[in-house]
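You will see chain A twice below: alongside chain B first, and alongside chain C after that.
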Partner chain A sequence: MSFKHFFSFFPFLKIIRKYPESGIFLSWILVIIFFSFLSERFLTLENFASILTITAELGIVAIGVAFLMIAGEFDLSVGSVYAVAPMVLATLWEQGIDPFLGLILSLLISSSIGFINGYITLKTDIPSFLTTLGTMMFFRGVLLATTGGFPIYAKGTHLLFLLLNSRLFKDFRSSAIWLVIIAIIFTLILTKTRYGNWVFAVGGNKEAARAVGIPVKKVKLVNFVISGLLAGLAGIISFSRFKIVDPTLGEGLELEAIAAAVIGGCLLSGGHGSIVGTFVGTLLTASINTGLVLIGAPPYWYRAFIGLILVIATIINMLILKKVVLK
Partner chain B sequence: MVKNVNKRLLSYLILVFAAVLLLTPLVTYSQEEPEYTFYYISHGGPADPWWGPVIRATQDAAKKLGVKVIFLGPEKYSIEKLVNFVESAIDANPDGIIVTITNYKALDEPLRRAIEKGIPVIAVNVPDPRPPNERIPYLGYVGNDEYMAGYKLAERSQKEFEPNKPKRVVVAIHKPGHVGLELRAKGVKDFYEPLGVPVDKLDITPDPTKATEILRSYLKAHPDTELIITLGPLGAHPALKVLEEMNLFGKVKLATHDVDEVILEAIKEGKMICAISQQPYMQGYIPVVWMYLHVKYGFIPPEITRTGPAVIDISNIHLIEKQIATTGGA
Partner chain C sequence: MRHPLVKMINIHKWFGHVHALKGVDFHVNRKEIVGLVGDNGAGKSTLVKILVGAYKPDKGEIYFEGKKVNFKSPREARNMGIEIVYQDLALIDLLSISRNFFLGREPLKKLGPFNFLDHDTMRKESIKILKNLGLTRIQSPDQRVATLSGGEKQSVAIGRALYFNAKLIILDEPTASLSVKETRKVLDHVLEAKDQGASVIFITHNIYHVYEVADRFVILDHGRKIADVLKDKVDPEDIIEIIRSGGKAIRKF
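On to the complex of A and B.
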């Protein structure tokens, strides 16, 4: 039985063709069912709040990474930007500068790092993998050097931090609301606007996109800036809760964000992917995170599970893509 | 506002340059005509805050004793660089080498060569773990004992429960596979498991948000947990957050390895039982003194000089505050 025939048995063939993220959604449901059977605490509001809280910061970073990945480029510097932005904000706050102004300034710096990534990549034709690997190391180094390796603590609270990341009801936090808002905005941009079409076109076939008059470099540059901006915002959301910036904050985050985007159906080569898929991809990894703890499994297995799921999800995505979407 | 950004950026750049300029004399700092020259070589360098007080201590001791101590340590943890530093130190033919035996296999040959050449060697921070007859024949070891640190942490925590025992203990480990952290965790396990108390090791990751939610999930899945032990600030801060948010202070007790502002504050407020300090400054100061006494007068240092684990609780917190104020770390 060929793969195509196998799929034709399913009534939701059309759904998958129309909404490629339904595959990852299904995997997430399966994971939820699996853990719910093993622990009665899994399918509770409290646990869902925990999952959303873990998802919030990583998800915001992953949306930026996915948006750029669909346009055919990488951003490995997001983990460093995730620490730079709150470090700048905390330093400014210490100097007595209002956190709202600090937020604007630190987001400007985050976007500038994105701009630098894009500018160097597009001007010199270096693969963005290398440019952003370089800026990732550079900004981590600047952080270590300027702080001497010590974390920065901030005391007190401020309206900004309450808005960005505070407890709303039960264990639900405002950080999750920001994630949902950002996910909706970027889904709309990607699926409903001309710019969204451009992003797909630029990542899919650069030459064809250029031939029909799409400003390829401009689109990529904007997406680099967005990636930096969202990484910075996510870092500040994390800071809003803990009021501590460790100079190693966000190390390894870039790979987790890329993994979430790929699990959510983004192609590493660009031209295909979805924000909703990335969002569910992040939810999936967070569900495994708390699920393993709740069922009392040795949590040391978490990384191994994520590795397995990454590979399996990618295989499923590729099959769906080849046999269903591109048929 | 734009001006402000420029100024900020400029000041950051100046800070970077200043740091480089400041570190250069630190490494090559010299008294006028030193009596002896010692090399202090470690696997950790200026970028790691833990080594800050150590580096400072080597220079303080050098100044007091009228010797020169050259501190060499890579920016980032690197065995290869450590070995290269040892090689170049041997070439310089100093009066003594103080070194972390971070990888005894890689350091075995060069250090034996140095000792044969007549350069005395003292191990610091990490000893050669092999039995005495196989070990690199260094004069002595100055440092902490990670396993004992975990054991002491559990022992002090248990006093809060006497005459009972906690129903369940969880050790939150933020970097699984890190030998030092795993040894500390083992120390906790080896104290509590013979008492019949279940001890779980929980991978909380270094990310604060994840760490908090993983701990929260754990406490929900195991409501009988009465003691959380964290192995550094990256575990202690999220644990404090969880206990605060779940309103569990008093019901679930907390103890940690390592000390910082937040941890000291928590001990003062009664939110934390105790913390363990390795007293890093002593790991910089004492080996220089031992080396000086050995080279100048022929004294043989003790086989092991332990700088920790020192248990910090509400009764002796003023001592650690003095350490931080005078040496920049604890």
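On to the complex of A and C.
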């Protein structure tokens, strides 16, 4: 029986064509099985809760990064924004400004950084990789310089923290709910709205998009703002858990977020990808994270593993795209 | 109704020091297929890009259906019924056929306060259009455009323009890099467009392709119009000779 015949019995290709994310979902299951054999504590509610806790904070950043990546642009500044937002909130709170107002102000600043990224990129036509590398370094530097490298602690507890990131049941936290809500909203926007269609079009082929009258720059600019906004929100959600913000918070997070989006099937060059895939990509990296801790591997192995998975997943995603979706 | 569909008068365009168009007069009548031909750098693409508002003319006037127009973007031109189909960038490869078809003009349905894409209409209409175009090889409107052949892509793009009742369809090298069979199909679609009441500007290097379908030829050379002749006055060899000689052969007619 030939390879082709085998697949005609099982609508494998059909499923993958319709849901290219199923490949990454399968990889996630494999990772779960792998760690379940190595540690009996992996397949427990506690561990699932800690996977979700990590996923929530990284995932919200990754969704913004993916949404922008599908439109054909990069954002390397999300790691810095992730620290700027809670730092602003914590500093304002020290001055007696209520964290709810602080939240609004810090999200406004996060969005503004996204706007600056987009405006410079689109106005000067330089690659967003460079613009956002610049703002990443700039804002990190400003943060380190203004704080002198010292962390700021939360003045106590506050309703905002309870809402954003508190224990609900066992180790399950409210941050996971925010992630799911944001994932659903952006999935709907991307797949079910006119704007979503434009995001794909702009990232897929901006000249063709322009030729049919789509406001290419406006779409990209909006997505830059969203990327900044979500990175800031995720930073504040993280602050709500730790009650401390260090000026080095989120260093390297931009690469993890991009890795999660790409592992989840987003095309680095734009025009293709999904929020669901990004979500599962984040779950996968978080699972590796807790898995390595549970089997007692030194934490350094985390990066090595993610690097490996990133390359393998990209190869698989490319194959799915070229051999199945575009065939 | 007696004025032509499009009239462009004394169009000039400079790119830096290059005088790309040097006072071109150009018109298209209703239900007419105009072959816009000329060598590389003659100004063909520049002329149509000015027409659809992608470039601003440095001098000159444009009339559409008798009214003076000044399109600021291809979107404005598109809303007035002028559709341009570029050779390579008519469609977006990574998007499905139905999403491409309605790109920029997506049908919506209301769900509470939100507007969502009307996927059912998009799919149904796309299936209908593919059938009308005779593209029977295509199985589903959910297929990505990357899975189509060059000819199928051109056909879909022309079909899209017709579906939205374009009054003028501009085709930029629609038959470049197509097989003989596919070329035939695209030429048929051009004639169908005319039957449905549209006018067509057909830009090409292949005089034989455009000769089959065109009613009239406008020949550009180095930014000037050197000939504007009805089809029954010339044969393909004459046109090639005019282009080759840069207009010197024109005395013959």
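Basically, the second predicted complex is superposed on the first by the 312 of 327 C-alpha atoms of A that agree within 3 Å, B and C clash if a C-alpha of one lies under 4 Å from a C-alpha of the other, contacts with A are read in each partner's own complex, and residues count from 1 in each chain.
Everything below uses one rule, namely that a residue touches a chain if its C-beta (ideal position, glycine included) is under 8 Å from a C-beta of that chain, and two chains touch if they have at least 3 such contacts.
Computed from a predicted structure; not experimentally measured.
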Query raised in the report: Now for A:289: first (chain B), second (chain C), both, or neither, which partner does it touch?
Result: first
Requested in this report: Considering only touches as defined above, state whether A:209 meets chain B (first), chain C (second), both or neither.
Outcome: second
Query raised in the report: Regarding the shared-chain residue A:46, is it in contact with chain B (first), chain C (second), both, or neither?
Result: first
Report summary line: The answer to whether chain B or chain C touches more of chain A is B
Query raised in the report: Should A:248 be classified as contacting the first partner (chain B), the second (chain C), both, or neither?
Result: first
Query raised in the report: Looking at the overlay, does A:149 come into contact with chain B only (first), chain C only (second), both, or neither?
Result: first
Requested in this report: Identify the partner contact of A:56: answer first if only chain B is touched, second if only chain C is, both if each is, neither if none is.
Outcome: first
Query raised in the report: Of all residues in chain C, which touch chain A in the complex?
Result: 73-76, 78-79, 84, 86, 89-95, 99, 102-104, 106, 108, 114-117, 119, 142, 144, 146-147
Query raised in the report: Which chain A residues qualify as touching chain B in the complex?
Result: 39, 41, 46-47, 50-51, 53-54, 56-58, 88, 92, 101, 105, 108-109, 142, 144-146, 148-151, 153, 167, 171, 238, 241-242, 244, 246, 248-251, 253, 286, 289-290, 293-296, 299-300, 302
Requested in this report: Flag every residue of chain A that touches chain C in the complex, lowest number first.
Outcome: 18, 188, 192-194, 196-198, 200-201, 204-205, 207-214, 267, 271-272, 325-327
Query raised in the report: Can you name the residues of chain B that touch chain A in the complex?
Result: 1, 4-5, 8, 12, 15-16, 19-20, 46-50, 52, 176, 201-203, 206-210, 212-214, 216-218, 220-222, 233-234, 237-238, 241, 245, 260-262
